[in-house]
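For clarity, chains are labelled A, B, C and D in written order, and residue numbers in each chain start from 1.
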Amino acid sequence: MPGISLRRARTIIRKTMDKGREMGLKPLSVVVVDAGGHVIAFERSDGAPAGRFDIALGKARGCVLMGMTGTQLRDRAEQQAYFVGAAGAALGDKLVPVPGGILVKDAKGRLLGAIGVTGDTSENDLEAGAAGIDAVGLVAEG
Amino acid sequence: MPGISLRRARTIIRKTMDKGREMGLKPLSVVVVDAGGHVIAFERSDGAPAGRFDIALGKARGCVLMGMTGTQLRDRAEQQAYFVGAAGAALGDKLVPVPGGILVKDAKGRLLGAIGVTGDTSENDLEAGAAGIDAVGLVAEG
Amino acid sequence: MPGISLRRARTIIRKTMDKGREMGLKPLSVVVVDAGGHVIAFERSDGAPAGRFDIALGKARGCVLMGMTGTQLRDRAEQQAYFVGAAGAALGDKLVPVPGGILVKDAKGRLLGAIGVTGDTSENDLEAGAAGIDAVGLVAEG
Amino acid sequence: MPGISLRRARTIIRKTMDKGREMGLKPLSVVVVDAGGHVIAFERSDGAPAGRFDIALGKARGCVLMGMTGTQLRDRAEQQAYFVGAAGAALGDKLVPVPGGILVKDAKGRLLGAIGVTGDTSENDLEAGAAGIDAVGLVAEG
(Lines give C-alpha, C1' and ligand atoms only; values in the text may rest on other atoms or scores of the structure.)
Protein backbone atom coordinates (compact mmCIF):
# COMPACT_ATOMS: atom_id res chain seq x y z
CA MET A 1 0.00 0.00 0.00
CA PRO A 2 1.37 3.41 -0.84
CA GLY A 3 2.07 5.59 2.16
CA ILE A 4 4.30 8.30 3.63
CA SER A 5 7.64 6.93 4.84
CA LEU A 6 9.15 8.27 8.05
CA ARG A 7 11.99 9.75 5.99
CA ARG A 8 9.52 11.72 3.88
CA ALA A 9 7.47 12.73 6.94
CA ARG A 10 10.61 14.19 8.55
CA THR A 11 11.39 16.16 5.41
CA ILE A 12 7.84 17.51 5.17
CA ILE A 13 8.10 18.75 8.76
CA ARG A 14 11.53 20.37 8.28
CA LYS A 15 10.60 22.05 5.03
CA THR A 16 7.34 23.34 6.53
CA MET A 17 9.26 24.83 9.46
CA ASP A 18 11.90 26.29 7.12
CA LYS A 19 9.16 27.93 5.07
CA GLY A 20 7.58 29.30 8.24
CA ARG A 21 10.86 30.92 9.29
CA GLU A 22 11.36 32.30 5.79
CA MET A 23 7.85 33.82 5.94
CA GLY A 24 8.54 35.23 9.42
CA LEU A 25 5.76 33.20 11.07
CA LYS A 26 5.37 32.36 14.75
CA PRO A 27 6.88 29.00 15.84
CA LEU A 28 5.08 26.21 13.98
CA SER A 29 4.11 22.71 15.04
CA VAL A 30 3.53 20.03 12.40
CA VAL A 31 2.04 16.54 12.46
CA VAL A 32 2.04 13.94 9.67
CA VAL A 33 -0.62 11.21 9.77
CA ASP A 34 -1.28 8.20 7.58
CA ALA A 35 -4.49 7.46 5.67
CA GLY A 36 -6.04 6.08 8.88
CA GLY A 37 -5.34 9.28 10.81
CA HIS A 38 -2.56 7.66 12.89
CA VAL A 39 0.52 9.69 13.74
CA ILE A 40 3.74 9.06 11.81
CA ALA A 41 5.72 12.06 13.09
CA PHE A 42 5.26 15.32 14.98
CA GLU A 43 7.47 18.22 16.00
CA ARG A 44 6.70 21.29 18.15
CA SER A 45 8.99 24.28 17.68
CA ASP A 46 10.67 25.74 20.74
CA GLY A 47 8.54 28.58 22.10
CA ALA A 48 5.19 27.20 20.91
CA PRO A 49 2.44 26.72 23.53
CA ALA A 50 2.05 23.32 25.21
CA GLY A 51 -1.21 22.30 23.54
CA ARG A 52 -0.06 22.35 19.93
CA PHE A 53 -0.07 18.61 19.34
CA ASP A 54 -3.82 18.27 19.82
CA ILE A 55 -4.60 21.19 17.51
CA ALA A 56 -2.25 19.93 14.79
CA LEU A 57 -3.65 16.40 15.07
CA GLY A 58 -7.21 17.74 14.95
CA LYS A 59 -6.46 19.50 11.68
CA ALA A 60 -4.78 16.49 10.05
CA ARG A 61 -7.02 13.79 11.42
CA GLY A 62 -10.20 15.67 10.56
CA CYS A 63 -9.04 16.03 6.95
CA VAL A 64 -8.07 12.46 6.33
CA LEU A 65 -10.99 10.85 8.14
CA MET A 66 -13.52 13.09 6.40
CA GLY A 67 -11.70 13.13 3.04
CA MET A 68 -11.92 16.94 3.00
CA THR A 69 -9.31 19.69 3.18
CA GLY A 70 -9.11 22.07 6.14
CA THR A 71 -10.44 24.82 3.90
CA GLN A 72 -13.42 22.67 2.85
CA LEU A 73 -14.11 21.78 6.48
CA ARG A 74 -13.96 25.46 7.45
CA ASP A 75 -16.42 26.36 4.67
CA ARG A 76 -18.77 23.61 5.76
CA ALA A 77 -18.50 24.76 9.38
CA GLU A 78 -19.38 28.32 8.35
CA GLN A 79 -22.61 26.95 6.84
CA GLN A 80 -23.43 24.08 9.21
CA ALA A 81 -21.50 24.40 12.45
CA TYR A 82 -23.71 21.76 14.06
CA PHE A 83 -22.76 19.19 11.43
CA VAL A 84 -19.02 19.69 11.76
CA GLY A 85 -19.31 19.79 15.55
CA ALA A 86 -21.27 16.54 15.59
CA ALA A 87 -18.91 14.86 13.11
CA GLY A 88 -15.95 15.86 15.28
CA ALA A 89 -17.60 14.39 18.37
CA ALA A 90 -18.48 11.20 16.47
CA LEU A 91 -14.84 10.89 15.40
CA GLY A 92 -13.54 11.18 18.96
CA ASP A 93 -13.23 14.94 19.43
CA LYS A 94 -10.21 15.34 17.20
CA LEU A 95 -11.41 17.41 14.23
CA VAL A 96 -10.30 21.05 14.00
CA PRO A 97 -11.96 22.49 10.86
CA VAL A 98 -9.67 25.26 9.63
CA PRO A 99 -6.96 25.68 6.96
CA GLY A 100 -3.66 24.10 7.94
CA GLY A 101 -5.17 20.64 7.64
CA ILE A 102 -3.84 19.44 4.29
CA LEU A 103 -4.48 16.21 2.39
CA VAL A 104 -1.38 14.48 0.97
CA LYS A 105 -1.77 12.63 -2.34
CA ASP A 106 0.62 11.04 -4.81
CA ALA A 107 0.90 11.98 -8.48
CA LYS A 108 -1.83 9.48 -9.35
CA GLY A 109 -4.25 11.13 -6.91
CA ARG A 110 -4.11 8.38 -4.29
CA LEU A 111 -4.66 9.60 -0.72
CA LEU A 112 -1.56 8.83 1.37
CA GLY A 113 -2.37 10.79 4.53
CA ALA A 114 -2.53 14.38 5.76
CA ILE A 115 -0.58 16.95 7.69
CA GLY A 116 -1.67 19.48 10.29
CA VAL A 117 0.18 22.76 10.71
CA THR A 118 -0.51 25.24 13.54
CA GLY A 119 1.15 28.30 15.05
CA ASP A 120 0.32 31.31 12.91
CA THR A 121 -2.86 32.33 11.06
CA SER A 122 -4.65 29.40 9.43
CA GLU A 123 -3.84 30.72 5.96
CA ASN A 124 -0.13 31.06 6.75
CA ASP A 125 -0.11 27.60 8.34
CA LEU A 126 -1.53 26.27 5.07
CA GLU A 127 1.01 28.06 2.88
CA ALA A 128 3.95 26.73 4.92
CA GLY A 129 2.60 23.19 5.00
CA ALA A 130 1.92 23.11 1.26
CA ALA A 131 5.57 24.06 0.68
CA GLY A 132 6.65 21.17 2.87
CA ILE A 133 4.58 18.67 0.90
CA ASP A 134 5.80 20.09 -2.43
CA ALA A 135 9.38 19.64 -1.24
CA VAL A 136 9.03 15.83 -1.22
CA GLY A 137 7.33 15.67 -4.62
CA LEU A 138 3.84 14.91 -3.30
CA VAL A 139 0.59 16.76 -3.93
CA ALA A 140 -0.93 19.07 -1.29
CA GLU A 141 -4.67 19.70 -1.17
CA GLY A 142 -5.45 22.31 1.47
CA MET B 1 13.71 26.93 37.36
CA PRO B 2 11.26 29.55 36.15
CA GLY B 3 7.71 28.79 37.09
CA ILE B 4 5.13 29.89 39.62
CA SER B 5 6.00 28.75 43.13
CA LEU B 6 3.22 27.66 45.49
CA ARG B 7 4.00 30.67 47.67
CA ARG B 8 3.45 33.03 44.75
CA ALA B 9 0.35 31.15 43.62
CA ARG B 10 -1.19 31.58 47.08
CA THR B 11 -0.46 35.30 47.00
CA ILE B 12 -1.98 35.70 43.53
CA ILE B 13 -5.17 34.02 44.76
CA ARG B 14 -5.42 36.12 47.94
CA LYS B 15 -4.73 39.39 46.19
CA THR B 16 -7.28 38.57 43.48
CA MET B 17 -9.90 37.84 46.12
CA ASP B 18 -8.96 41.01 48.05
CA LYS B 19 -9.38 43.04 44.88
CA GLY B 20 -12.73 41.41 44.23
CA ARG B 21 -13.98 42.37 47.69
CA GLU B 22 -12.66 45.90 47.24
CA MET B 23 -14.54 46.13 43.92
CA GLY B 24 -17.70 44.75 45.54
CA LEU B 25 -17.78 41.65 43.31
CA LYS B 26 -19.61 38.40 43.92
CA PRO B 27 -17.53 35.63 45.60
CA LEU B 28 -14.61 34.72 43.33
CA SER B 29 -12.89 31.43 42.64
CA VAL B 30 -9.32 31.40 41.36
CA VAL B 31 -7.06 28.71 39.90
CA VAL B 32 -3.32 28.97 39.13
CA VAL B 33 -1.86 26.54 36.56
CA ASP B 34 1.67 25.94 35.29
CA ALA B 35 2.80 26.24 31.67
CA GLY B 36 1.46 22.74 30.97
CA GLY B 37 -2.00 23.59 32.30
CA HIS B 38 -1.60 21.55 35.49
CA VAL B 39 -3.10 22.90 38.72
CA ILE B 40 -0.78 24.47 41.30
CA ALA B 41 -3.46 25.97 43.56
CA PHE B 42 -7.18 26.70 43.65
CA GLU B 43 -9.58 28.36 46.08
CA ARG B 44 -13.36 28.76 45.94
CA SER B 45 -14.83 31.56 48.06
CA ASP B 46 -17.57 30.70 50.52
CA GLY B 47 -20.93 31.25 48.86
CA ALA B 48 -19.76 30.51 45.31
CA PRO B 49 -21.61 27.75 43.37
CA ALA B 50 -20.26 24.19 43.43
CA GLY B 51 -19.02 24.01 39.84
CA ARG B 52 -16.53 26.87 39.95
CA PHE B 53 -13.39 24.76 39.74
CA ASP B 54 -14.09 23.48 36.25
CA ILE B 55 -14.95 26.94 34.92
CA ALA B 56 -11.83 28.49 36.43
CA LEU B 57 -9.66 25.65 35.11
CA GLY B 58 -11.23 25.95 31.66
CA LYS B 59 -10.31 29.62 31.53
CA ALA B 60 -6.72 29.10 32.68
CA ARG B 61 -6.00 25.86 30.85
CA GLY B 62 -7.44 27.09 27.57
CA CYS B 63 -5.19 30.17 27.71
CA VAL B 64 -1.96 28.43 28.45
CA LEU B 65 -2.43 25.47 26.09
CA MET B 66 -3.47 27.73 23.20
CA GLY B 67 -1.03 30.55 24.05
CA MET B 68 -3.91 33.07 23.89
CA THR B 69 -5.59 35.28 26.48
CA GLY B 70 -9.19 34.79 27.50
CA THR B 71 -10.06 37.99 25.67
CA GLN B 72 -8.38 36.75 22.48
CA LEU B 73 -10.18 33.41 22.77
CA ARG B 74 -13.50 35.22 23.27
CA ASP B 75 -12.87 37.37 20.18
CA ARG B 76 -11.95 34.31 18.12
CA ALA B 77 -15.04 32.49 19.39
CA GLU B 78 -17.22 35.46 18.36
CA GLN B 79 -15.87 35.07 14.83
CA GLN B 80 -15.42 31.30 14.57
CA ALA B 81 -17.36 29.53 17.30
CA TYR B 82 -16.85 26.20 15.54
CA PHE B 83 -13.07 26.60 15.71
CA VAL B 84 -12.92 27.37 19.41
CA GLY B 85 -15.41 24.60 20.15
CA ALA B 86 -13.38 22.09 18.15
CA ALA B 87 -10.09 23.20 19.71
CA GLY B 88 -11.59 22.85 23.18
CA ALA B 89 -12.80 19.35 22.40
CA ALA B 90 -9.41 18.39 20.96
CA LEU B 91 -7.79 19.61 24.17
CA GLY B 92 -10.03 17.47 26.38
CA ASP B 93 -13.08 19.68 26.83
CA LYS B 94 -11.49 22.09 29.28
CA LEU B 95 -11.40 25.40 27.44
CA VAL B 96 -13.68 28.26 28.53
CA PRO B 97 -13.06 31.15 26.10
CA VAL B 98 -13.90 34.35 27.98
CA PRO B 99 -11.98 37.06 29.86
CA GLY B 100 -10.79 35.94 33.27
CA GLY B 101 -8.32 33.53 31.69
CA ILE B 102 -5.03 35.39 32.07
CA LEU B 103 -1.53 34.46 30.89
CA VAL B 104 1.24 34.90 33.47
CA LYS B 105 4.67 35.93 32.16
CA ASP B 106 7.89 37.06 33.78
CA ALA B 107 9.64 40.35 33.06
CA LYS B 108 11.51 38.75 30.16
CA GLY B 109 8.25 37.66 28.51
CA ARG B 110 8.59 33.97 29.30
CA LEU B 111 5.29 32.13 29.77
CA LEU B 112 5.12 30.74 33.33
CA GLY B 113 1.48 29.64 33.44
CA ALA B 114 -1.98 31.17 33.68
CA ILE B 115 -4.77 31.90 36.10
CA GLY B 116 -8.52 31.52 35.78
CA VAL B 117 -10.88 33.79 37.71
CA THR B 118 -14.64 33.30 37.82
CA GLY B 119 -17.57 34.60 39.86
CA ASP B 120 -18.58 38.02 38.54
CA THR B 121 -18.72 39.43 35.00
CA SER B 122 -15.86 38.26 32.80
CA GLU B 123 -14.44 41.79 32.65
CA ASN B 124 -14.52 42.16 36.43
CA ASP B 125 -12.98 38.71 36.85
CA LEU B 126 -10.15 39.87 34.58
CA GLU B 127 -9.58 43.12 36.47
CA ALA B 128 -9.36 41.34 39.81
CA GLY B 129 -7.04 38.64 38.49
CA ALA B 130 -4.70 41.13 36.83
CA ALA B 131 -4.34 42.89 40.19
CA GLY B 132 -3.42 39.57 41.80
CA ILE B 133 -0.70 38.91 39.26
CA ASP B 134 0.64 42.47 39.53
CA ALA B 135 0.88 42.01 43.29
CA VAL B 136 3.62 39.37 42.93
CA GLY B 137 5.61 41.34 40.37
CA LEU B 138 4.66 39.21 37.36
CA VAL B 139 3.10 40.31 34.07
CA ALA B 140 -0.61 39.69 33.35
CA GLU B 141 -1.87 39.29 29.78
CA GLY B 142 -5.64 39.03 29.79
CA MET C 1 -26.10 23.32 55.66
CA PRO C 2 -22.93 22.52 57.52
CA GLY C 3 -19.82 22.55 55.36
CA ILE C 4 -16.11 23.27 55.27
CA SER C 5 -15.34 26.99 54.99
CA LEU C 6 -12.51 28.16 52.76
CA ARG C 7 -10.69 29.36 55.87
CA ARG C 8 -10.83 25.90 57.39
CA ALA C 9 -9.90 24.24 54.09
CA ARG C 10 -6.77 26.40 53.91
CA THR C 11 -5.81 25.45 57.43
CA ILE C 12 -6.32 21.73 56.77
CA ILE C 13 -4.00 21.98 53.76
CA ARG C 14 -1.30 23.90 55.66
CA LYS C 15 -1.37 21.64 58.66
CA THR C 16 -1.24 18.55 56.45
CA MET C 17 1.81 19.93 54.67
CA ASP C 18 3.42 20.94 57.98
CA LYS C 19 2.90 17.42 59.28
CA GLY C 20 4.40 15.98 56.09
CA ARG C 21 7.55 18.07 56.50
CA GLU C 22 7.75 17.11 60.17
CA MET C 23 7.51 13.42 59.17
CA GLY C 24 10.15 13.92 56.44
CA LEU C 25 7.76 12.98 53.62
CA LYS C 26 8.11 13.77 49.93
CA PRO C 27 6.32 16.99 48.76
CA LEU C 28 2.59 16.59 49.36
CA SER C 29 -0.41 17.79 47.40
CA VAL C 30 -3.77 18.21 49.13
CA VAL C 31 -7.32 18.78 47.93
CA VAL C 32 -10.40 19.58 50.03
CA VAL C 33 -13.82 18.81 48.53
CA ASP C 34 -17.35 19.41 49.77
CA ALA C 35 -20.03 16.76 50.35
CA GLY C 36 -20.80 16.79 46.59
CA GLY C 37 -17.20 16.08 45.67
CA HIS C 38 -16.63 19.62 44.34
CA VAL C 39 -13.28 21.30 44.94
CA ILE C 40 -13.01 23.95 47.66
CA ALA C 41 -9.21 24.29 47.70
CA PHE C 42 -6.09 22.57 46.41
CA GLU C 43 -2.35 23.10 46.75
CA ARG C 44 0.56 21.27 45.08
CA SER C 45 3.93 21.55 46.85
CA ASP C 46 6.89 22.78 44.83
CA GLY C 47 8.75 19.79 43.42
CA ALA C 48 5.74 17.47 43.17
CA PRO C 49 4.98 15.92 39.72
CA ALA C 50 2.52 17.69 37.42
CA GLY C 51 -0.32 15.17 37.70
CA ARG C 52 -0.95 15.43 41.44
CA PHE C 53 -4.28 17.25 41.25
CA ASP C 54 -6.07 14.39 39.52
CA ILE C 55 -4.73 11.79 41.95
CA ALA C 56 -5.64 13.88 45.00
CA LEU C 57 -9.10 14.60 43.63
CA GLY C 58 -9.62 10.92 42.83
CA LYS C 59 -8.88 10.02 46.43
CA ALA C 60 -11.17 12.67 47.92
CA ARG C 61 -13.99 12.45 45.40
CA GLY C 62 -14.10 8.67 45.51
CA CYS C 63 -14.47 8.77 49.29
CA VAL C 64 -17.22 11.31 49.53
CA LEU C 65 -19.27 10.05 46.58
CA MET C 66 -19.09 6.44 47.80
CA GLY C 67 -19.35 7.30 51.51
CA MET C 68 -16.29 5.15 52.19
CA THR C 69 -12.78 5.93 53.40
CA GLY C 70 -9.73 5.42 51.19
CA THR C 71 -8.77 2.46 53.35
CA GLN C 72 -12.22 0.91 52.94
CA LEU C 73 -12.09 1.46 49.18
CA ARG C 74 -8.63 -0.14 49.05
CA ASP C 75 -9.87 -3.17 50.98
CA ARG C 76 -12.86 -3.50 48.69
CA ALA C 77 -10.60 -3.18 45.63
CA GLU C 78 -8.36 -5.96 46.98
CA GLN C 79 -11.42 -8.21 47.09
CA GLN C 80 -13.41 -6.99 44.10
CA ALA C 81 -11.23 -4.95 41.75
CA TYR C 82 -13.89 -5.14 39.05
CA PHE C 83 -16.47 -3.47 41.31
CA VAL C 84 -14.27 -0.55 42.30
CA GLY C 85 -13.09 -0.13 38.71
CA ALA C 86 -16.66 -0.08 37.43
CA ALA C 87 -17.81 2.30 40.16
CA GLY C 88 -14.96 4.65 39.29
CA ALA C 89 -15.91 4.60 35.62
CA ALA C 90 -19.56 5.18 36.49
CA LEU C 91 -18.54 8.18 38.60
CA GLY C 92 -16.55 9.77 35.77
CA ASP C 93 -13.14 8.16 36.16
CA LYS C 94 -12.21 10.07 39.29
CA LEU C 95 -11.97 7.45 42.04
CA VAL C 96 -8.53 6.44 43.32
CA PRO C 97 -9.09 3.72 45.94
CA VAL C 98 -6.18 3.96 48.37
CA PRO C 99 -5.50 5.48 51.81
CA GLY C 100 -5.04 9.25 51.70
CA GLY C 101 -8.68 9.74 50.80
CA ILE C 102 -10.20 10.83 54.12
CA LEU C 103 -13.79 11.62 55.05
CA VAL C 104 -14.32 14.83 57.06
CA LYS C 105 -17.13 14.84 59.64
CA ASP C 106 -18.21 17.20 62.40
CA ALA C 107 -18.51 16.26 66.07
CA LYS C 108 -22.09 15.09 65.49
CA GLY C 109 -21.00 12.71 62.75
CA ARG C 110 -22.37 14.72 59.86
CA LEU C 111 -20.42 14.31 56.61
CA LEU C 112 -18.98 17.68 55.54
CA GLY C 113 -16.68 16.58 52.74
CA ALA C 114 -13.35 14.83 52.23
CA ILE C 115 -9.71 15.47 51.56
CA GLY C 116 -7.23 13.76 49.27
CA VAL C 117 -3.53 13.67 50.12
CA THR C 118 -0.85 12.36 47.76
CA GLY C 119 2.94 12.42 47.49
CA ASP C 120 4.38 9.76 49.78
CA THR C 121 3.20 6.24 50.64
CA SER C 122 -0.56 5.95 50.98
CA GLU C 123 -0.24 5.28 54.71
CA ASN C 124 1.95 8.35 55.26
CA ASP C 125 -0.40 10.47 53.15
CA LEU C 126 -3.22 9.37 55.46
CA GLU C 127 -1.33 10.15 58.66
CA ALA C 128 -0.45 13.66 57.48
CA GLY C 129 -3.99 14.38 56.28
CA ALA C 130 -5.58 13.17 59.52
CA ALA C 131 -3.36 15.60 61.42
CA GLY C 132 -4.56 18.42 59.17
CA ILE C 133 -8.21 17.62 59.87
CA ASP C 134 -7.59 17.27 63.61
CA ALA C 135 -5.99 20.71 63.61
CA VAL C 136 -9.31 22.40 62.76
CA GLY C 137 -11.31 20.42 65.30
CA LEU C 138 -13.06 18.17 62.80
CA VAL C 139 -13.17 14.38 62.68
CA ALA C 140 -11.05 12.40 60.18
CA GLU C 141 -12.15 8.97 58.96
CA GLY C 142 -9.46 7.48 56.75
CA MET D 1 14.83 27.83 30.56
CA PRO D 2 15.43 24.21 31.47
CA GLY D 3 13.49 21.84 29.31
CA ILE D 4 14.10 19.58 26.34
CA SER D 5 14.70 21.58 23.14
CA LEU D 6 13.31 20.27 19.87
CA ARG D 7 16.89 19.77 18.67
CA ARG D 8 17.66 17.54 21.64
CA ALA D 9 14.34 15.71 21.30
CA ARG D 10 15.15 14.85 17.69
CA THR D 11 18.55 13.52 18.69
CA ILE D 12 17.08 11.39 21.48
CA ILE D 13 14.67 9.82 18.98
CA ARG D 14 17.36 9.14 16.36
CA LYS D 15 19.82 7.68 18.83
CA THR D 16 17.11 5.48 20.33
CA MET D 17 16.22 4.16 16.88
CA ASP D 18 19.91 3.68 16.02
CA LYS D 19 20.37 1.68 19.20
CA GLY D 20 17.32 -0.40 18.38
CA ARG D 21 18.70 -1.29 14.96
CA GLU D 22 22.09 -2.10 16.50
CA MET D 23 20.36 -4.42 19.00
CA GLY D 24 18.32 -6.02 16.19
CA LEU D 25 14.99 -4.92 17.65
CA LYS D 26 11.67 -4.64 15.86
CA PRO D 27 10.83 -1.15 14.46
CA LEU D 28 10.63 1.33 17.34
CA SER D 29 8.40 4.34 17.91
CA VAL D 30 9.53 7.09 20.28
CA VAL D 31 7.82 10.10 21.85
CA VAL D 32 9.43 12.92 23.85
CA VAL D 33 7.21 14.91 26.24
CA ASP D 34 7.85 17.92 28.46
CA ALA D 35 7.40 18.03 32.25
CA GLY D 36 3.66 18.59 31.78
CA GLY D 37 3.27 15.51 29.57
CA HIS D 38 2.81 17.52 26.36
CA VAL D 39 4.34 16.17 23.14
CA ILE D 40 7.52 17.79 21.82
CA ALA D 41 8.33 15.21 19.13
CA PHE D 42 7.32 11.74 17.96
CA GLU D 43 8.45 9.34 15.25
CA ARG D 44 7.04 5.95 14.21
CA SER D 45 9.43 3.69 12.30
CA ASP D 46 8.30 2.31 8.96
CA GLY D 47 6.72 -1.11 9.50
CA ALA D 48 5.45 -0.41 13.02
CA PRO D 49 1.70 -0.90 13.70
CA ALA D 50 -0.64 2.09 13.40
CA GLY D 51 -1.42 2.53 17.09
CA ARG D 52 2.09 3.15 18.35
CA PHE D 53 1.67 6.83 19.17
CA ASP D 54 -0.87 6.23 21.92
CA ILE D 55 1.20 3.47 23.52
CA ALA D 56 4.37 5.56 23.46
CA LEU D 57 2.54 8.58 24.85
CA GLY D 58 0.96 6.47 27.59
CA LYS D 59 4.39 5.31 28.71
CA ALA D 60 5.92 8.80 28.73
CA ARG D 61 2.93 10.72 30.03
CA GLY D 62 2.25 8.27 32.84
CA CYS D 63 5.84 8.57 34.03
CA VAL D 64 6.07 12.31 34.08
CA LEU D 65 2.62 13.00 35.53
CA MET D 66 3.11 10.41 38.30
CA GLY D 67 6.80 11.15 38.85
CA MET D 68 7.58 7.43 38.54
CA THR D 69 9.54 5.38 36.01
CA GLY D 70 7.87 2.81 33.78
CA THR D 71 9.55 0.09 35.80
CA GLN D 72 8.22 1.53 39.07
CA LEU D 73 4.72 1.81 37.58
CA ARG D 74 4.92 -1.81 36.37
CA ASP D 75 5.98 -2.98 39.85
CA ARG D 76 3.16 -1.02 41.47
CA ALA D 77 0.69 -2.44 38.94
CA GLU D 78 1.87 -5.98 39.74
CA GLN D 79 0.98 -5.31 43.39
CA GLN D 80 -2.04 -3.04 43.05
CA ALA D 81 -3.48 -3.24 39.55
CA TYR D 82 -6.61 -1.41 40.72
CA PHE D 83 -4.56 1.59 41.88
CA VAL D 84 -2.64 2.00 38.64
CA GLY D 85 -5.82 1.49 36.62
CA ALA D 86 -7.66 4.10 38.65
CA ALA D 87 -4.76 6.57 38.50
CA GLY D 88 -4.59 6.15 34.74
CA ALA D 89 -8.31 6.80 34.40
CA ALA D 90 -8.06 9.86 36.65
CA LEU D 91 -5.26 11.19 34.44
CA GLY D 92 -7.32 10.84 31.27
CA ASP D 93 -6.69 7.24 30.26
CA LYS D 94 -3.18 7.79 28.96
CA LEU D 95 -0.96 5.80 31.33
CA VAL D 96 0.76 2.64 30.13
CA PRO D 97 2.65 1.19 33.12
CA VAL D 98 5.57 -0.81 31.71
CA PRO D 99 9.29 -0.25 31.12
CA GLY D 100 10.02 1.97 28.14
CA GLY D 101 8.58 4.99 29.94
CA ILE D 102 11.71 6.84 31.04
CA LEU D 103 12.09 10.02 33.09
CA VAL D 104 14.55 12.59 31.70
CA LYS D 105 16.48 14.66 34.23
CA ASP D 106 19.39 17.08 34.01
CA ALA D 107 22.68 16.68 35.87
CA LYS D 108 21.22 18.52 38.88
CA GLY D 109 18.33 16.06 39.12
CA ARG D 110 15.65 18.41 37.80
CA LEU D 111 12.81 16.70 35.93
CA LEU D 112 12.73 17.95 32.32
CA GLY D 113 10.26 15.50 30.81
CA ALA D 114 10.07 11.88 29.75
CA ILE D 115 10.24 9.63 26.72
CA GLY D 116 8.15 6.63 25.72
CA VAL D 117 9.64 3.85 23.59
CA THR D 118 7.61 0.98 22.16
CA GLY D 119 8.07 -1.75 19.56
CA ASP D 120 10.04 -4.61 21.09
CA THR D 121 9.98 -6.13 24.59
CA SER D 122 9.56 -3.56 27.34
CA GLU D 123 13.08 -4.22 28.61
CA ASN D 124 14.59 -3.75 25.16
CA ASP D 125 12.53 -0.60 24.63
CA LEU D 126 14.01 0.71 27.87
CA GLU D 127 17.60 -0.14 26.93
CA ALA D 128 17.32 1.61 23.57
CA GLY D 129 15.64 4.69 25.04
CA ALA D 130 18.21 5.05 27.82
CA ALA D 131 20.93 5.05 25.16
CA GLY D 132 19.11 7.86 23.34
CA ILE D 133 18.93 9.99 26.47
CA ASP D 134 22.59 9.31 27.33
CA ALA D 135 23.53 10.48 23.84
CA VAL D 136 22.42 14.05 24.57
CA GLY D 137 24.11 14.20 27.99
CA LEU D 138 20.93 13.93 30.04
CA VAL D 139 20.06 11.44 32.78
CA ALA D 140 17.67 8.53 32.12
CA GLU D 141 15.61 7.01 34.93
CA GLY D 142 13.73 4.00 33.65
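Criterion: a residue touches a chain if its C-beta (ideal position, glycine included) is under 8 Å from a C-beta of that chain, and two chains touch if they have at least 3 such contacts.
Just so it is clear, the model here is predicted, and its values are computed rather than measured.
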{"item": "For chain A paired with chain B, centre-to-centre distance based on mean C-alpha positions, whole Å", "value": "30"}
{"item": "CA centroid of chain B to CA centroid of chain C, Å", "value": "25"}
{"item": "Centre distance in Å when chain A and chain C are each reduced to the mean of their C-alpha atoms", "value": "43"}
{"item": "Numbers and ranges of chain D residues touching at least 2 other chains", "value": "34-38, 65, 92"}
{"item": "Touch-based graph of the chains, sorted into line, ring, star, complete or other", "value": "other"}
{"item": "Contact pairs between chains, per stated definition", "value": "A-B, A-D, B-C, B-D, C-D"}
{"item": "Residue ranges of chain B in contact with chain D within the complex", "value": "1-2, 34-38, 65, 92, 110"}
{"item": "For the chain A and chain D complex, residues of the former touching the latter", "value": "5-6, 9-10, 34, 36, 38-46, 50-53"}
{"item": "Of chain A, residues touching chain B in the complex", "value": "48-51, 54-55, 57-58, 62, 74, 77-78, 81, 84-85, 88-89, 93-98"}
{"item": "Complex contacts: residues of chain D adjacent to chain C", "value": "35-37, 64-67, 80-83, 85-87, 89-93, 111"}
